[in-house]
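Pasting the structures here.
What follows is subunit A paired twice: with subunit B in the first complex and subunit C in the second.
Presenting the complex of A and B:
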């Protein structure tokens, strides 16, 4: 099995912990990297490799407070990679956390939910 | 001699101590000779010494005082030595700091030089971008009233307003390219010329078809095949105003349009898909919405730089509500009034927090 992927949070990028021992993949914090490509590329590559031989059960927990428009695209694209895992017959689920008063993160979650063929759950923090 | 005693205060202290100590036997002997009428001659003084054993003790005073003074001198000498060492260290450190200062100054100068050159280069780029954007002057003439609130985050911008008149239609859009600054500005040029090409040269007039064509062109220009990892693209809200029929046609990629009549605001939502970028599996063609307008109605389109601006405490986004409120709270408000209301709110919201993205809002009165 692939080694877990872990990235510490910075002022502009979220904490990333894709744990292959538990199947819980967490993204927590703010995503407004100056160079979105540079930040997300290694994560995309990692997930592409993971999708070739995934665990039976993967839960993606998104706890994003803020993302800019470039990061939105990359996050959506990242979540889209989990469609492959579902298609391959394994279980994968996205849990989208948002603060009750944060309409924008909630709306973005609903938008993503309607666009993705992955079981999707909205939860308030 | 002065330098010797300065060098070694131990000797100095010992001598002063002994000399001071010598005063005691001298005074005591003279006093004793006087008291006993022995006379101050050498014989008298010897007699005084011989016959009074107390003098023998007193005679040791120069030795003891000299000795203790010498001890004090040793301590003093230590202090002097330590001080001298410190001074030397301070001198060395100062020299080191001076050298480091010099290095830093050189680095600073180099950085300043680079920064100046980069700034100049970007300032020049801004002239080019301004020259392109200035065709929105036509927009001012096209509508009875219009407003463009345009605040690039950096000198050049990924957001740009776009306007064109074609076949009796007024087309205008608030375009938000991914990124900001220089990469944003590159994208904005791509967007600008592709929009012109599609509408002006190819004569596409339905807004949904314009967006479909724009998407295909951006994908082509940026070579965004299925395995491409370039997700750049643009969001935009595009309106077509048909004055003859009093009708607006709208298509959006990510960003909506607000149609305001008096205190009523109608929002027409955009399609989810961004132009270019991600190869969505489920991407569908863009849709268009048509609605009628009355004279005096206004249309407002914007980029997400305003709505996504984070508050001074870094916790929440500005959101859509303040824009909606500014547009509807006073039906008689002029565009400059609406603009200043919104700008005041926005700057209060931001506080000292940096502007995070380019900001663009376009309003026209129909």
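Presenting the complex of A and C:
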């Protein structure tokens, strides 16, 4: 199995922990990178490799505070790559967390849900 | 509304300008230090005085905070102003704050003394005040100013201006350069005063001119975030996200790929609105592209904007520059009005792009 992917949070990028021993993939914090490509490329590459031989069960837990438009694209693309895993017959699910009063992150989650073909759950923090 | 291009022209020779008008708190000091540290470090001749400048900034800034509690009967005159600007090889740090008229003479006396005392005596004076509780109890006229004089190694420019029967505006200004040349007392103030006054009497809450790269933008965002937390009156999330898009947009569409210079301003608008304005120089291609896109977005209702957003998101053609229109659509979706923009012809194929976004204050 592929080694887990772990990235510490910075002031403009989130904490990333894709744990291949548990199948729990977490993205937590704010995603406001000026150069979104630079930040997300290694994650995309890692997920592409993971998708070739995924665990039976993957849960993607998104706890995002803020994200800019550049990051939105990449997050969307990232979540979309779990569609391939589902298509290949494995279980994958996205859990989108939002604070009850945070209409913006809630709306963003709903928007993503309507555009993605992968089990998607909305949960309040 | 204030014209952004006018301010841009006025600050044309500034490599960095940061002016904060209104009540300030310690929470934003950190952001201000980081902002200026980065900008100072990027300029070799000043790097060695970096720590001194940070110190002086904090001292000046806290001077505003310390006296910030005073309230004039005329609410518009309350609050302080803090400003840091760099031109050529000189840095100017200045502040305006409201003090009791009864403090004026003591302060004047103190500052005159500090400006004439020999440099090596300042430390002795510092220790003396430090160990004398009676002298230091008053705070303002004591240790902070002595430290300021010590670190600056330059005369402190100051002035007072009575605004009513009890209160006076206290002006403070320092000129700091990489060399040891002494400036004349009053020199710094002659330079900073009129602009500071102009901002103070305007509806402008904050102006930033300079680099729009990540290392500058993040501290600015931090400052505004802290400020918003304190005020708790506008939807901070929507405001925050628009700010990020606006500021990052400047670095995306810039005539100069190396410098990414621009100007950013927040204005207190009429009837519970804020205006955030950003401006920068663009070439003709960018001008045409931006006009076309913004006009297109302005012609859409909220459903159409949502559709456009989803379409752009799904397109999936990632450019290295990231945004590809998504940022503008996001701004259009969150703004409370149609997007307002203009271009001023600067000659030689350069245009000054002004982009204003209006926000409603939460009632």
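The rule is short, and it goes like this: the second predicted complex is superposed on the first by the 125 of 125 C-alpha atoms of A that agree within 3 Å, B and C clash if a C-alpha of one lies under 4 Å from a C-alpha of the other, contacts with A are read in each partner's own complex, and residues count from 1 in each chain.
Going forward, a contact is a pair of C-beta atoms (placed from the backbone, for glycine too) under 8 Å apart; a residue touches a chain by one contact, two chains touch by 3 or more.
Being a predicted model, the structure only gives us computed values, none of them experimental.
Engineer: Since both structures carry subunit A, what do subunit B and subunit C do when superposed there: clash or fit?
Structural biologist: clash
Engineer: Once the structures are superposed on A, label A:32 by its partner contacts, choosing first (subunit B), second (subunit C), both or neither.
Structural biologist: both
Engineer: Which partner chains sit in contact with A:83 here, subunit B, subunit C, both or neither? Use first/second/both/neither.
Structural biologist: The first partner, subunit B, only.
Engineer: Just subunit B (first), just subunit C (second), both, or neither: which does A:124 touch?
Structural biologist: neither
Engineer: Which of the two partners, first being subunit B and second being subunit C, lies in contact with A:22: first, second, both, or neither?
Structural biologist: A:22 sits against neither subunit B nor subunit C.
Engineer: What is the contact status of A:57 with respect to subunit B (first) and subunit C (second): first, second, both, or neither?
Structural biologist: Neither subunit B nor subunit C is touched by A:57.
Engineer: Give the stretch of subunit C that clashes with subunit B in the superposition, choosing among 22-30, 166-174 or 274-282.
Structural biologist: 274-282
Engineer: Under the contact definition given at the top, report the residues of subunit A touching subunit B in one complex and subunit C in the other.
Structural biologist: Overlap of subunit B and subunit C footprints on subunit A: residues 32, 36-37, 66, 68-70, 73-74, 76-77, 102, 104, 111, 115.
Engineer: What residues of subunit A sit close enough to touch subunit B in their complex?
Structural biologist: It comes out as residues 32, 36-37, 41, 44, 65-66, 68-70, 73-74, 76-77, 80, 83, 101-104, 111, 114-115, 117.
Engineer: In the complex, go through subunit B and note every residue touching subunit A.
Structural biologist: So the residues of subunit B touching subunit A come out as 176, 178-179, 229-233, 235, 254, 272, 274, 277-278, 280-282, 304, 307-308, 310, 315-317, 319, 356-357.
Engineer: Applying the document's contact rule, which stretches of subunit C touch subunit A when the two form their complex?
Structural biologist: 213-214, 217-218, 221-222, 237-238, 240-241, 244-245, 248, 251, 309-310, 313-314, 316, 318, 320, 322-324, 326-327, 329-330
Engineer: Would you tell me which residues of subunit A are touching subunit C in their complex?
Structural biologist: So the residues of subunit A in touch with subunit C come to 11-12, 32-37, 66, 68-70, 72-74, 76-77, 102, 104-105, 111, 115.
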